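Okay, got some structures for you below.
First subunit A sits with subunit B, and in the next complex the same chain sits with subunit C.
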Partner chain A sequence: MKLAVISCIHGNAEALDAVLADIDTQRAEEIYCLGDLVGYGPYPNEVVEKIRSLAIPSCQGCWDEDIVDGLNACECSYPSQLAEYRGRLAHEWTDREIHPEVREYLATLPLTLKKDNLCFVHGSPNSQHEYLLPSMDGFAALERVLSADADVLFCGHTHVPYERKLENAALSVKVGTAESGDRAQQLQEQQFQVPLKRVINAGSVGEPRHGRPNATYVIYNTDTAEVTFREVTYNYEKTCQAIVEKGLPPIFAWRLAKGMEFAERADDPSHVCER
Partner chain B sequence: MKWAILSGIEGNLTAYEAVLKDLRQLRQPVTELYILGDVIGLSGNNLKNNNLQDDSLQNDNEAVIRRLRHPGVGQLKPQVCVGWWEEQCFSLHGLSGLPDAPELMAAVGGDGVKALWDSVSRKSVQWLRSQHFGFYELDCLLIHGSMASYADELTPETPAIELCDRLIRADANHLFCGRSGRTFECWVNPNQLHSTVTTLDGPQPTQDQSKTPRRIVGVGSVGRTPGQATYTLYSPGSNQLSFRTVNYGQAKKGKAKGFGFP
Partner chain C sequence: MNITLVAGPPGIGKTTWINQFLSTSKQPLFYLCPAAGTEAVDRLRVGYHFPEVTVVEDTQAAALLMNLPDQAQIYIELGFHLDLAALPFNQLPCRKVAIVPPELAQLTEQSEWHDWADELVAGNKIQVPHPNCFPETRRMPLTGQVFDPPSLDELLTEITGGAYGQVIRLKGIFEMPDGQAFDIDFVEGLPGIEYTELKLPRSLKGRPTRPSSLEVVGYDFQQKTMAEALGVSCLSDELIAQYQRQYRQQYKTTDLTNNAEENVA
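Here is the complex of A and B:
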């Protein structure tokens, strides 16, 4: 069975429509969404209404959370000071525009979705704010998959799609305890083998950062474990124009047209906010 | 160089004094004294019996804080980081975390919340707030829980991959922690991992990953178990680790016991 996994739509209705049309051509039987339905883009209400009307299961992203709870995270909500300054402007605009029922819907979104051996999250199983970059330590990435009790962990948040296979992992642990005044036990060694696990990042529908303005998402075949990255062209200039016309910071139009933004690169991608 | 690493006094001044006495009796003097949080608390185990009013608790958070701040002439000045109980206190006082300390309420109930509130002054809370989150010394991280959270409770039963993750986050060869209150050491050896990343540009070369063994040490608890304090001695130069158990009060049966790992 083919699944389509989409993420980080960010109020870009034009891109969402193009991706949904492309999913039809791929004959995917189910669609999962990894959150960040709103923020940055000019059509947050329309995007949420579309996702709801199609009954697409969705996780709550960090932007969705901020619209529900307010900007009460520590500085880790944004990967840099420049991104924070710009992000606040977008948050305030979205907070004003969002319909009450849309906010209520975002509040109901789960942090994690599961289907058999697949787990779907926005950032990581730890937090919507954690970035699982492809350069992350392999054992740390493996821990994220295992902590989700899954074989395949789908994530978004970085806006750049990738698949990471983690194979033939082996660990050993020597444990010694000295409890209740007893003499220390000898160190006892245990070996652990971990079968193949995968991290699959779905990219971004509405705010891509892979260097081109096209929307990205992934198709996953549950029978063959085949991953297909999809890059979909659409009329991004129309979205850019709407960003400017609706009073959002013009930088968001610029970077949507370029498909990149240096200010969005995280200094400490593994930082986990504790509110 | 020899470190004494303590955690979990939990307001039990008698236990702390017993450990200080044990330290003074060591043949090789301790050069640094670390306390990995939970200097305040409600004498842990007794809470399970809802025995908050029992005089035998000898709980005196203010006295412990005074002792830490003013160790006395010729005595080591402890280096203190914050633990779970301190974080609950900050939450109660609106200094960090969620308001109304829901973690604390779930753990000890309304009576426990009131007991903690009543037993630590605002001035002491401010002092606790000024303490460290953890210490990086040489190739060691000394911390209450882990870099994931102050509430992270690492034990010998924690899954191996989780221990490995905490060591990666620590970015240190030895992670000393106190959250569990237990004394243990775990050497974690990530032997091998093949990692292949595929992007829009195609598959990248497979990377083989392995790491040198690293260690997590549970340093014990000074005040949680009435009558028995445990703590850790560590010599960075020789990498020698030993755990000490100090019996005190009515539970005292003899001298402190120590046992080391090669």
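Here is the complex of A and C:
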């Protein structure tokens, strides 16, 4: 069975429509969404209504949480003072525009979704705000997949699609026991072989960061475990126009057209989100 | 002849060409950049890179040229906005050098530089602005401002990428939270943005008082938006103080470890 996994739509309804049309052509039977339905883009209500009307299961993203709970991110959310300022502008605009029922819906979204051996999260199983970068320490990445009790962990948040295979992972543990009347310790070594685990990042539908404005998402075949990354063109100029017309900072339109993402970006693969 | 006039289009390498003489000469040296203002980036750069060179103010120029010492050399960098045919310096006994793109330096074709110069020198391979489409220059004084480095990186990528208008040239002096200053340079058509650390004493006591400035040359600038983004990229008094405490401590520790002397202003 083919699954489509989409993430980080960020209020970009044009991009979402194009991706949904592409998913139809791929004959995917189910769609999962990894959150960040709102934020930065000009159509937050429309995007949420579309996801709800199609009954697409979705996790809660960091931007969705911010709209529900307010801004309280740790330092990993913004790489610079400029990005933080712009992120706050986008948050305030979205906070003003969002309909009450949309906010209520965002509050109901779960942090993780499960289907058999697959787990779906926005950032990581620990937090919607944590970045699972492709360069993250292998042991830490494996820990995230194991903590989700899954073989395949789907995530978004970084806006850059990737597949990471964690294979040939051998864990060796030495357990010490003290014998009665004798303080010498007997060390018993135990070996665990971890089967293949995978982290698959779905990229971003509405706010790409790969140097082009095109939307990205992923198709996963549950029978063959085949992963196909899709890049979809759409009328991004229409979104850019709406960004300006609706009073969002025009620099967001320029950055979208360049495929540069609006503001957020993770740089440090060793950072553990404290939110 | 101890007066050298240097002209050419923006980004061609006029200051770079002059710098080679400033770094090697043993004679008294003077540098003048007429009608550019006291915070012109070229003036600041020459002053910072070559402290032994006297950077001449416009108001001092006439007196200096009348009484130039025999052994002295003065380099006069002519901004692209000046009308070469109408320069008062043309009356002086001087060497007139035009820096032009390599293809123009090799041909005997007509241009205002060919008409004016005694000597043509091949500079950067850039597109010369069309005479009917004269670029505008925007200068933003930055003295006292200290930048958040990742914000500055992002902003320079946006500015040079055309987010606030088409930029054919960018140059600036920027102060950093560790007390260092950078000379930053971009020319459309040449690869990347060049960052050069200035060999100046670290400024780690309050806002720096030495001049810094940004200049962009190009077309259709949204100056207000660009100035706002620059403002957001600057650190507050509180953050400057916080960084400076941290760096003063760090350099003090480094000095003790290396037994080296750090010049902290």
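Everything that follows uses one rule, which is that the second predicted complex is superposed on the first by the 242 of 275 C-alpha atoms of A that agree within 3 Å, B and C clash if a C-alpha of one lies under 4 Å from a C-alpha of the other, contacts with A are read in each partner's own complex, and residues count from 1 in each chain.
The rule is simple: a contact is a pair of C-beta atoms (placed from the backbone, for glycine too) under 8 Å apart; a residue touches a chain by one contact, two chains touch by 3 or more.
None of these values were measured; they are calculated from a predicted model.
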TODO: Could you tell me if A:Pro195 is touching subunit B, subunit C, both of them or neither one (first, second, both, neither)?
DONE: neither
TODO: Figure out whether A:Val160 sits in contact with subunit B (first) or subunit C (second), or with both, or with neither.
DONE: first
- [ ] In the overlay, answer first, second, both or neither for which of subunit B and subunit C A:Phe229 touches.
- [x] first
Open item on the list: For the three-chain arrangement built by superposition, which of subunit B and subunit C touches the greater number of subunit A residues?
Closed with: B
TODO: Look at A:Pro100 in the shared chain and tell me whether it touches subunit B only, subunit C only, both, or neither; answer first, second, both or neither.
DONE: neither
- [ ] Could you tell me if A:Pro134 is touching subunit B, subunit C, both of them or neither one (first, second, both, neither)?
- [x] first
- [ ] Quick one: classify A:Ala170 as touching subunit B (first), subunit C (second), both or neither.
- [x] first
Task: Shared contact residues on subunit A - subunit B and subunit C - done: none
Open item on the list: For a test of understanding, state which residues of subunit C touch subunit A in their complex under the given definition.
Closed with: 148, 150-151, 153-155, 158, 161-163, 225, 229, 232-233, 235
TODO: Enumerate the contact residues on subunit A facing subunit B in the complex.
DONE: 126, 134, 137-143, 146-147, 160-181, 183-184, 187, 190, 192, 194, 210, 216, 227, 229, 231, 270, 272, 274-275
Open item on the list: So in the complex, the part of subunit A that touches subunit C is made up of which residues?
Closed with: 79-83, 85, 250-251, 254-255, 258
Task: subunit B - residues contacting subunit A, complex - done: 97-98, 148-149, 156, 159-165, 168-169, 182-200, 207, 209, 211, 213, 228, 230, 243, 245, 247, 257, 259-261
